[in-house]
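I'd like to ask some things about the structure below.
Chains: A, B and C, in written order; residue numbering restarts at 1 for each.
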Amino acid sequence: MPAYATNMRLKFPILALILEAVTIVLYALLVVYETGDAHGHDGSHAESNTSHSSSPMTLYPMFQDVHVMIFIGFGFLMTFLKRYGFSSVGINLLLAAFGLQWGLLLQNIWHMHEGKITVSIEKMINADFSTATVLISFGAVLGKTSPVQLLIMTLLEITVFCINEHLVVGVLGVSDVGASMTIHAFGAYFGLAVARVLYRPGLRNGHENEGSVYHSDLFAMIGTVYLWMFWPSFNSAIAEPGDAQLRAVINTYFSLAACALAAYATSSLVEKKGKLDMVHIQNATLAGGVAVGTCADMNIQPFGAMLIGVTAGIISTVGFKFLTPILASKLGIQDTCGVHNLHGMPGILGGLAGIVAAALGKKESVSATYQACGLASSLGFALVGGLITGLIMKIPFLGQPPDQNCYDDSIFWEVPEEEEEHEERLTHGDYSKNKAEA
Amino acid sequence: MPAYATNMRLKFPILALILEAVTIVLYALLVVYETGDAHGHDGSHAESNTSHSSSPMTLYPMFQDVHVMIFIGFGFLMTFLKRYGFSSVGINLLLAAFGLQWGLLLQNIWHMHEGKITVSIEKMINADFSTATVLISFGAVLGKTSPVQLLIMTLLEITVFCINEHLVVGVLGVSDVGASMTIHAFGAYFGLAVARVLYRPGLRNGHENEGSVYHSDLFAMIGTVYLWMFWPSFNSAIAEPGDAQLRAVINTYFSLAACALAAYATSSLVEKKGKLDMVHIQNATLAGGVAVGTCADMNIQPFGAMLIGVTAGIISTVGFKFLTPILASKLGIQDTCGVHNLHGMPGILGGLAGIVAAALGKKESVSATYQACGLASSLGFALVGGLITGLIMKIPFLGQPPDQNCYDDSIFWEVPEEEEEHEERLTHGDYSKNKAEA
Amino acid sequence: MPAYATNMRLKFPILALILEAVTIVLYALLVVYETGDAHGHDGSHAESNTSHSSSPMTLYPMFQDVHVMIFIGFGFLMTFLKRYGFSSVGINLLLAAFGLQWGLLLQNIWHMHEGKITVSIEKMINADFSTATVLISFGAVLGKTSPVQLLIMTLLEITVFCINEHLVVGVLGVSDVGASMTIHAFGAYFGLAVARVLYRPGLRNGHENEGSVYHSDLFAMIGTVYLWMFWPSFNSAIAEPGDAQLRAVINTYFSLAACALAAYATSSLVEKKGKLDMVHIQNATLAGGVAVGTCADMNIQPFGAMLIGVTAGIISTVGFKFLTPILASKLGIQDTCGVHNLHGMPGILGGLAGIVAAALGKKESVSATYQACGLASSLGFALVGGLITGLIMKIPFLGQPPDQNCYDDSIFWEVPEEEEEHEERLTHGDYSKNKAEA
């Protein structure tokens, strides 16, 4: 691969500025504030028939929790790689910043009033949600893609997501309050399909940068803990106010607590010496939040949520230990962050739990059949959308890094030269000069 | 101590899964959502007679602040040790995840309605609170205990805490809105009693891992600053809505601000060269939040809160400098995080301030005598409960690490081998190969 | 410079304790809680005529968001320097803890009721705001000043800020809801004036400590992302409830999203190899929050906010690349954190945007002329106040560090000796002894 291919100087700024310019033009034509009388008649995520209290700011604390999950949670969760922290948290910010603008447009294009989209806090929450799909897929291809490729993925994935969400939630009326199917399973399988298309035989035997260092694992725990804490907000933010919203909070709280114990136990169990593995703790403790998503607002009772959480924690940990290596070696799917274990399988589990709960009548006017259709639709759009998107991302001009520069910030970032400097200092014994004291 | 004793492969997963299974069974039998009419008649912490606004989500932002204190605050505060960050933030998550499930059960077992415990946001806040006792005690034994020992401590300590809280707040009607006595002093002296029982003569002269590195101190500051910022939520979350809750916020805000100045000043004053010590800054700046807890909702006026904060900041810093070494050398109490200085003495100070404030009539229908009983009860339950718990934790089978492996994650965690690798790289001079650029 | 000059043992504790003691006396005389009837009639920031809902806690979640920006956001943003993280986050806490006490007094001294200042959540928000000016100026002189100098700067800068704010917002009735002029431009130019007076020719050619290491840049991203996420709260916290507050949230959300894309694009564009520069990402992505501040609550529509954000992102990045070196070499202004690019120019841009928006009638009863006076007043007070404050801070006795100890925590902090230890370990080959496993 020739050297210029990864030089982003022209193609990245031009793409980013064109995307932003087009977005601004569309906003100038279509997007206005929601005002006075309209408050409380949002009807989104994107089409559910919720009605919030009349203050336009009621959902604002929920919005900020979700915002923290998107930008701190997802961003820092991926900083576990020793040389890829700048990209993890930095490109996460870039993709989400563009994605929320694009998502808000497309989620609301289906039901404008007098040719205008009105922005409310609830629509901002949904816009943030739409970016989560991209950030999940980002985890699957982390370290092996360029910012240009990822901006294109953001554009396409959010577009596909909005179509599927409109179909599943809007047209079919499927219940998916915490978006196990429409966000988590969708984002994971979309990303895995992209990863399959971008398969790199050269990385079959691993890469020296594809590991953590002690402090990078601690940075990742910032992401983990924020996701873990605020997941009740993710699953309840757009629930029907009142009892349903409270149920969504409570179910998620207990599912995650039970999931944490299961993940710790399983992590110790699958390791020869019984030690805990940071990869499991950083990820599998969160699977309970994913899996309880679809039925978070249903009447499954706290112990039901806990059972879902325990199941998710076990499945996820086992997946990291045994399934991820097989996916890479047998199927050519190199899933950097293991999104299949955190979002993929737990997302499907969530969809299945929703079907069962619907069949048991845990939420009024929710049909098991339609729930199953919602799951199938989400998986189908994800796989097809991901494959097509992957093919587009494979165009050489888009700056995909060569194998030897994967998982390394320095190909797209100015990186401080700390280690060489340190080495030199040791060699020349001149370290002490920094320590002069007045 | 034989090698197998610290292999957690069977005993840890079995214990964790049994605890979770028992919990789920009890929840299936006893725990349901709070619904409709019941909102606003919680009457908890666990028994105070508060009545919140009728929306079930009113306290949710407060809950999330407390949640952040428990999982980010306590977790990262303890990451200051150079090789014990995984355990600090990771085991903190494990213990709190189990503790909140257990705490919610036991706090509400005293007053069920028709044989059921109903879950509300306020009860989730109280469940989070109950875990704080364990996390404080964890700080006293940090680095010297196994996950199995700590799960047992969690089970026992929360049980004792719930009995004492029921007695003090429920039966005696003692006022302790920010829980200086029932959480902070209780957690500290419980942990110190456990630490006394687990005394290790082999660590009398310190341990090479019992110190920080530059970035571990910065990680710890994340914990410090979050605790500092959200402490007003901790002290006001379950206060009577209206003026009392506002007072709790304001008093805590000013107590902490004044405490910070006192802690910085004292830290510089007690050091030969006048330099600031990170241990003091990470901990003593928070003592004002602890000490103002009991009288946070009382009419002590902002300047009264500031005086409490200044006193706590000075006492705490002086304790770290002069008292902690004496406790270790003379009394055999090796208090890793100095919880005696952050939670113990400031907790007692808070109890005493509450007695004085009650005597001065700063809160209606609060009796100085009963306040004194509440303090005595909390200390008594803590010391006796801690001693018994410590004896149980001392059973060899529970995986207590040998002295030479204390304060070292690698005995219970897979740890990335960064330093050896770095060393090797320097030796072989092959570092540059990572730096190939396309 | 003689050795004793930087020993803080007496002068720092004495100054800090005197400031705190004076503050407590003033609070005992003047400050009480707001109670019952008074709720909702605050009229602050400091004088705008807002009326909030009758619950005293309505603004509390907003307050906590702002609180996080002040203590985590500003604190960690400045941890990018490799050896100055303790000071960045630690002295940030110290200055803000004192500043909020002082700010609350001075902001409300102009309009007491019956000789008393009543504290409410809104006044706590404004007190936090007042500290932001100091933290911005701190960024300009970061690494080159002592805690004693900085406490004096806090005292003086907040005093000048309160006078200017009273004049601009209170007397002239200028609209500046997100404080582009009164906080950001003011804080930046105040700090730059101080930096000019404290000019150090010895640092003309840079300093070996004035750079980042890999993980210090990640710590700084914690600050960046929190500021980015919560900026909508900063700009809307004291807006008129209802549509105006919603507009302030929405405008800031979109301005920042658009700004992020512009900052990334420009960062890549100005660098020879097209790589992203962490300094730009950490700072210029936030310029959209600053620049949309003045007209955040005005009817500029989302696309207007996005245009402001894009402009700010470009200006800020270009400023870091080309203007900062010129300021240092030609004007003798050594701006450590580049506050001119993040707060200075975007603050002026915000003021100008407010003038234009006022002229276009985007907010009722706001006059373009008065807006221009507000900008001029803020710049004037900042420059004159900063020059005088700088001259006072230059008094040798105040412990300014010598050039060779700049940007180094170890002159005012106990710092763990990790690197030497590491070096020794490599030399003596005794590293492995830490790795004994049971």
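Basically, a residue touches a chain if its C-beta (ideal position, glycine included) is under 8 Å from a C-beta of that chain, and two chains touch if they have at least 3 such contacts.
The shown structure was predicted, so the numbers you read here are calculated from the model rather than taken from an experiment.
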item	value
Residue-number overlap at the chain A/chain C interface, same or different (half cut)	different
Cα superposition angle of chain B on its copy chain C, in degrees to the nearest 5	120
Whole-Å gap between the CA centroids of chain A and chain C	31
Numbers and ranges of chain A residues touching at least 2 other chains	61, 83, 215, 222, 426
Touch list for chain B against partner chain C, complex	1, 3, 5-6, 53, 61-62, 65, 82-83, 208-209, 211-215, 217-218, 221-222, 225-226, 228-230, 233, 241-243, 245-247, 249-250, 253-254, 256-258, 260-262, 264-266, 268-269, 271-278, 281, 285, 299, 301-303, 306-307, 310, 401-402, 404-405, 408, 410-411, 419-420, 423, 426
Complex contacts: residues of chain C adjacent to chain B	7-10, 12-14, 16-17, 19-20, 23-25, 27-28, 31-36, 55-57, 60-61, 64, 67-68, 71-72, 75-76, 79, 83, 85-86, 89-90, 93-94, 97-98, 100-101, 119-121, 124, 147, 215-216, 219, 222, 412-416, 418, 422, 426, 431, 434-438
